[in-house]
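Note that the chains take the letters A, B, C and D in the order they are written out, and that residue 1 is the start of every chain.
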């Protein structure tokens, strides 16, 4: 991450601060660029940057391009993992995917060959996410996706829309994901057909959201699966905790360790420029989000690791300024 | 980790609970064994298990073999990392060692060759710890060690004793560590001589402690470097936070992800059977260690990952029973 | 390879010797077994062992189960490589596949990821053979295969028969080959569609032959592409020499080095138990095959490397007894 | 290798041809450069190019800088391998080092970790050569070297001189070789001490020779260990054949496959710019070296693989013009 120039602390309200920071970091998008390996993703305005923060009492604060829709991409891996744990149970899932971070690229295939028997290391890399997609309940891609959409609906209150152009674009160029899926098929970690699994995986990646939607999911996770606005437990507590730990250790591609070290909140990014983050309730009374919050960020220009460049800068600045780190 | 049988919650005080759990898990040591690649380490009684918990008001609770001395081994990596950051500054250290977890064995050499330019991925694996040892201030092994001992003295109030037999034993069989060090020397990540670096590294591993000592270091880290008993900041806050993040993402060898997921507190283990863990202050009023605590555990029978087998079971049980997870 | 018990040299003619050796080595098939990952391949009688040797004057000597048909499997890699070089020219082929041996398994995918830009190391491993299949001339699998069959017809005088059951069996379980092909598609080394390429590759593997057919191809290669019986050049000399070098350095899976060292003749094996070998004309007047010969061997029980167990023993014995090594 | 411009065949004697070719290729040295990681090696005149060819009747033809002394570097690996086989027997040696080519760099350490139990793949890569150095007979570096020098004396009729400056230079910067040696020590493939082994290995690399010396060793190998001038067997036949096979499959670093394919004679190079090659007796009466020959080449400018750039061009040209390939 680039150097952060921390402005002198003033007595500003969080909303004004957020707006200042968004405009401060927005120009840095010139140092990154939107993912162009998927034509449909590369069409966006790279200088967009927006954020939405949701608090348990329903307060929403936002700034910048907070209500621009974007596809979830890898952020969806958290949701499909939760869906798999909710339907299959954690032990069933962990028999097929480990929860260990790796230092490998998200689409790496090496470790599947080197480490016998080739169990994917975690659900946040593509090999693990494909395995998770294959074990979602249902006898077809359609049924698996319906289940996933129903989990999404429970969380964000609406059925997600699939961005068909992005899906088609990824479907046609998914050679590396097909390579991973066929490899996993051979080693028996994939329970569904390869093409069926790919359809589920690529459609989950193409689910459209806004920063508000992912801030809400973040808020629910911050509260261990309890939906503080609807006042009900929508994700089992142990599943929510597991998801948060995975976000912290593996959520930001090969910069996950650096995010844990210098940002210190569970976060998951996607190549379309989204970041879903969350702050659990804090012991510190002077922290502005003492009762926890969910954070949704969107900034399509991505850095060398695949994370939103300006989104990451903004998140780091907030975390340091407001002392949001869980450590 | 083996299945944990959670006993029904009763109204017991933490000390009684701890004593029950220690005796409950002690017999499981038969499923592991003390590290025998170092003869001096293999001589201990495998069924030992002890724990010490320190609270910021000075309260100490303990159970089992809590005051048996043992060598720190890899737990010392946290301390030398802190010492390097305190003396050289974080940016200098991060230029030489990254903070990303890997899925590789602690003594793996592969990634140094595959990932150019071969910068060690984190200070908790041997390649990173050797690099850290080489940049400690001082012109000789003696001076570097003196600096490290002085940091230890600041933390635990006494100069650590070196277990000479363990040091000699490791020194003579340190082929793999020498291979790593020479590799790092060639790629210019090692600033000191190889033999000097190895002396520093192996003597830091041979520093003797008790669960009380490491519980105290844990307590200081829990309070972001503030020594709550001496009432002074002994480690800079940013260094302490960084160390905690590294413990959580990389501290328990290749089970770090599983510990983050199912225990959820920063912890660092050593092959001699020690675990240094900590609980930051919590938002939850009903948590027994609401103001944070440091935890020292000793159980020399280690599991397949190199972590204390019964110590890990005890820590997991405590974390789940008392809801200590930071997530 | 197992220990060879060399019988005392007697004044026996080669045919009698061959028959003795075939019967001597046949029982060792109990130490291997036919490839069972393809059900259709696993059905054969493992104790079969046969050999056919063809000399440039048309003399054929044979022993054992020399006329049992079997599918070529990896032996076909030599033929498709020759066909690609004949139609595209050697430089075009070498731009897409190198000619370096590796120590990796035939179906390894690691090196494609580690070595940028992921050019397959040689045409005898699956990644290279798939790339070769994709560049055969023709706009469809049908056309590419027709070209390959026409090359076969030029060599052995008849159109090869495809063993449909073997093809279907491999087609349905070709997960690893699909993984390799999709990987190569992503890195732009595959010129045809993945499914088209796989059809070509798996049908070429399913071409049926006898030891006589492959002995004839060996004989032609021994004479640098000149068909000594038909008296015409059927493979360009430079292509034939290249194919022989590849057979020697990469032809016997991960035992290629050992075959070069202890057998010393260009040879290519297939998992169905075939070995195509050849002896170039020799400077030594007392060598029984002074004018060169082609050798076809069939023994379906394979060893740990994927080579015919008894076929390899027989070939080594012959090579040492008759001093056939090219070194 | 760069494009070769083949001149029209004229009725020239081999000596005139050699002289023409040497002068033709000499200027291409500008595209490479002498090894500069060893200061003492980098001091030479890069445009040197010389060759010596020895025939079994004692005829010697030479051209260019044929009598400039240079250190053997990796060419010595052939000699120490032969010495180990002669003293320990082939099975003893093969228990410790395999004879399989790899596609890895000569100083790679990866495969020792990935492939259990980490047996070096062949004696032509550093890991294998260090293992060989450790098993030479003798209780000290001095004794092992004395044995090696005695083998050299048997071959070239004189005790080799050690280039002390080169040895010292390599000794002080041998970090990577020390890393390999300590790794092998840990996995029990190194029989001697690390420092003793390194002294043997680096002194064997620093043995000085001329093209005439290595042409003579090549000639002896061409005749299966028989010294045609002294008329006695100086290397056992099986050891000589094994050495030739290793040279062909592994002798030219990661261009070995390309040399086998386009040059086709056993050859071993060193980073100082030497190439030791040989042509076994040929069946072809019109080949200028029908009764075999030894070839020594020296051209210190090396290419990307570590092979003599102009030396390789010259060897390829000769091999193609005179049809020296063994295939």
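As a convention for this text, a contact is a pair of C-beta atoms (placed from the backbone, for glycine too) under 8 Å apart; a residue touches a chain by one contact, two chains touch by 3 or more.
Computed from a predicted model, the values in this text were never measured in an experiment.
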At minimum, the number of touching-chain hops separating subunit B from subunit C is 2
Rounded to the nearest 5 degrees, how far is subunit A rotated relative to subunit C when their C-alpha atoms are superposed?
180
With centres defined as the mean C-alpha position, give me the subunit A-subunit C separation in Å.
49
Using CA atom averages as chain centres, what separation in Å is found between subunit C and subunit D?
30
Rounded to a whole Å, what is the gap between the Cα centroids of subunit A and subunit D?
55
Where does subunit A touch two or more other chains at once, residue-wise?
114
What topology does the chain touch graph have (line, ring, star, complete, other)?
ring
Please list each pair of chains that are touching.
A-B, A-C, B-D, C-D
Subunit B contact footprint on subunit D (complex, rising order)
108-110, 113-114, 175-176, 178-183, 185-186, 194
Residues on subunit C engaged by subunit D in the complex (per definition of touch):
98-104, 111, 115, 121-122, 241-242, 244-246, 248-250, 254-258, 260-262, 264, 266, 280-284, 290, 292, 325-327
